[in-house]
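First subunit A sits with subunit B, and in the next complex the same chain sits with subunit C.
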Partner chain A sequence: MKRPGSTVRTASLISVLAMLIAAAARPAIAAETIDPAADFRAFRDYFTKKFPDVPLNDFVNGPASMDADLRRQWQSIDDFPPYDFAVERGKQMFATPFANGKTYGDCFADKGIGIRQNYPYFDQTGGEVVTLELALNRCREANGERPYSYVKDEMASLTAYMAFTSRGKPFDIKIPNDPRALAAYQKGEQYFYARRGQLNFSCAGCHVQNPGNHIRTEVLAPALGLLAAMPIYRSEWNGMGTISRRFVTCNSQVRGVPLAPQDELYRDVEYYLSYMGNGLPVAGPGARP
Partner chain B sequence: MQRGHMRAPARALFVAALCGLMLLASGMAFAQAPSPPGQALAFDRAKGNCLTCHDIKGGDSPGNVGPPLADMKQRFPDREQLKAVIVDETRRNPSTVMPPFGRNLILTNQEIEAVVDFLYTR
Partner chain C sequence: MRPMTMAASWRGRGLLVLAVLLFVAASAARAASSEADFKAAMAAADAAESEAGALKNQWTTTEDALAAARKAAAAGDFETAVADARQAEALAKASIAQAKDQETAWRAGVIR
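This part shows the complex of A and B:
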């Protein structure tokens, strides 16, 4: 006796088989599918399995999360944070109106306070990734002010203050169901894993394959939460630097040709990497050796 | 006795003295010699920069991304194999982070030979 539903079951079995055959004919199908949520889980699992003793929220502390000596150094530095000056300066800049009477706060949600965790975002009107640095310069230009250098000084002060007011808030980077957003995500991901420069390094070579290992005396930071403490005071720089500065110097260090700060591709990398760090707390501004 | 010819005992003394001088000279040369040219290349940040990733006896503050470079003669009895790692390790191990020093012209062939000479002393 035929059970009810068996015809349906047979039909669905056939369709599953058909799909399997189709999949077998195109073995690369999984690689061609852009699935940020699946990437996110695999990325996080990789780091939490590689470093089972590091609490999830501690990854934002970069090299200090990987090395007890560095943690002690970092903690003693953090008693008198070298980025304090930048935060204070950023706060003053935020409070000072432009020539037209408007302020930075007028360009942002919640007057720009406690919003760092939402950057970068994909702007569906312009069809591009908008980072905090880009949004700040666009704000200035929209109000008749000249844009700042993206790498340090004023830009680092503004982003330091905005990060400071957002500390502890979990990153919440969204990838809208828009093929352009997925394309930006994928371009950023490809850039992150592609080798470049005379020394033939990818971002991932250091920050995915070798976090916690030493290059000379430096400890390589994990890619999970890599941007959460930006901008940073870097002793090596003797000053503050933005995400743009870090990307440019990384490219130079591998003897590659850096892109222009806030190049679309750099913004895509920031989008990919920030999405991978979703849920981790804002820890900027940070201090690094 | 002919002029210009030393007697046997005198000749032996002369040869021994000469040998002593040579030994002394080579000893002085050894004491004053800078490190072998390969070592300078291996340690120079703009050249081999090996210490960034490898511990090498005689080098300060090594990294640990790659294995320590010791017992090289036992580990690489075939010189060509050691050379190949420096020239382009990605050919053997595509996921290595070791820069392809030969392929990307970071070091010349001559420089790589010098680095290999040096590594065989470690």
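This part shows the complex of A and C:
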């Protein structure tokens, strides 16, 4: 006959073992599951619950959506938008043929007008994320022109014009059912959440955990819609800057050596963040303190 | 209290002299950082920084320390150069540890 205590002990042992096995298995399952749609819903819920008074489409206005004083400053600045010169220059550049007679419009769908919301995309032929900046320089090189710097000046003007022609269109970033696209998405997600630099900050540390809070004199923008207004005129830069410039600057600010502009990881993080902003309107070019 | 014996007094003085000699020897050794010491320290720092580079996780402060080490060595100040190179190596190793930790730790911050 079994002693009464032995059944209890066996049951306890089994349940402890089951818990240990489940605990060991959970990270492995999480590590293997890539579910952009579920991530998107959780991301959206987090910000809308954290900031219930901010209308969804207002998140694209970055720090101005978080702080009333900053919003008034931003509205005043937008009376005479400092990015207007870049839009005008970009328009002229867009219309000016290359030496071979072709134009930027020949490289893009719809002649490049009103297409910002579709970038970045995953190119299944090349097996990589293609951003608008990368596509513009590839267009130039394919037509025998030298590539531009990715961070400002001409590139900022071209992307400013292309964003301007797309204003209000909802972001529509697609992640095809291709393991390479999912891998790029996850690498971008990892880059966004991983701490780096001597100051041990992650992108998320500022833009997920602390949007609306100050870091020194700056109000931190929310990660939701973070790239929707790019490129931007930043007063701190005294000029325009692209998404590449923003990533490079962020890395430097936490004492990390920046990657090369348009490094694969930067394109992946742009892919991840842009997908999180799906449905929000294109608001670029923007103005920021 | 017992008065100190002559033998004990000499033993104490001997120990004091030995300590002074050891201190002087250690200081001399420290001050005598050579170009060879710098090259060894720099090679170790460069190797660690290359590893951090392969992980795409270098720190600007490591680069600053490496530059300072090279500058000091170029000026013939090998003591400072060795100290800066060792500082660079320590920073590079910290950035490697950070990158390896974050290979899995990043998941803890993801919005679920």
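Here is the rule we use: the second predicted complex is superposed on the first by the 259 of 289 C-alpha atoms of A that agree within 3 Å, B and C clash if a C-alpha of one lies under 4 Å from a C-alpha of the other, contacts with A are read in each partner's own complex, and residues count from 1 in each chain.
Keep in mind that, in the parts below, contacts are C-beta pairs under 8 Å (C-beta built on N, C-alpha and C of every residue); 3 or more make two chains touch, one makes a residue touch a chain.
Model, not experiment: these values are computed from the prediction.
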| item | value |
| --- | --- |
| Which superposed partner A:214 touches (first subunit B, second subunit C, both, neither) | first |
| Which superposed partner A:174 touches (first subunit B, second subunit C, both, neither) | neither |
| Partner chain(s) touched by A:198 [first = subunit B, second = subunit C, both, neither] | both |
| Touched partner set for A:206, first subunit B, second subunit C, both or neither | first |
| Subunit B or subunit C, by number of subunit A residues touched | C |
| Partner chain in contact with A:265 - subunit B first, subunit C second, else both or neither | second |
| Touched partner set for A:42, first subunit B, second subunit C, both or neither | second |
| Subunit A residues contacted in one complex by subunit B, in the other by subunit C | 198, 200, 205, 209 |
| Subunit B-touching residues of subunit A, taken from the complex the two chains share | 198-201, 205-206, 209-210, 213-218, 220 |
| Of subunit B, residues touching subunit A in the complex | 51-53, 61-65, 90, 95, 97, 99-100, 104-106 |
| In the complex with subunit A, residue positions of subunit C that touch it | 56-63, 91, 94-95, 98-99, 102, 104-107, 109-112 |
| In the complex with subunit C, residue positions of subunit A that touch it | 27, 30-31, 39, 42-43, 46, 189-190, 193-198, 200, 202, 204-205, 208-209, 252, 255-257, 259, 263, 265 |
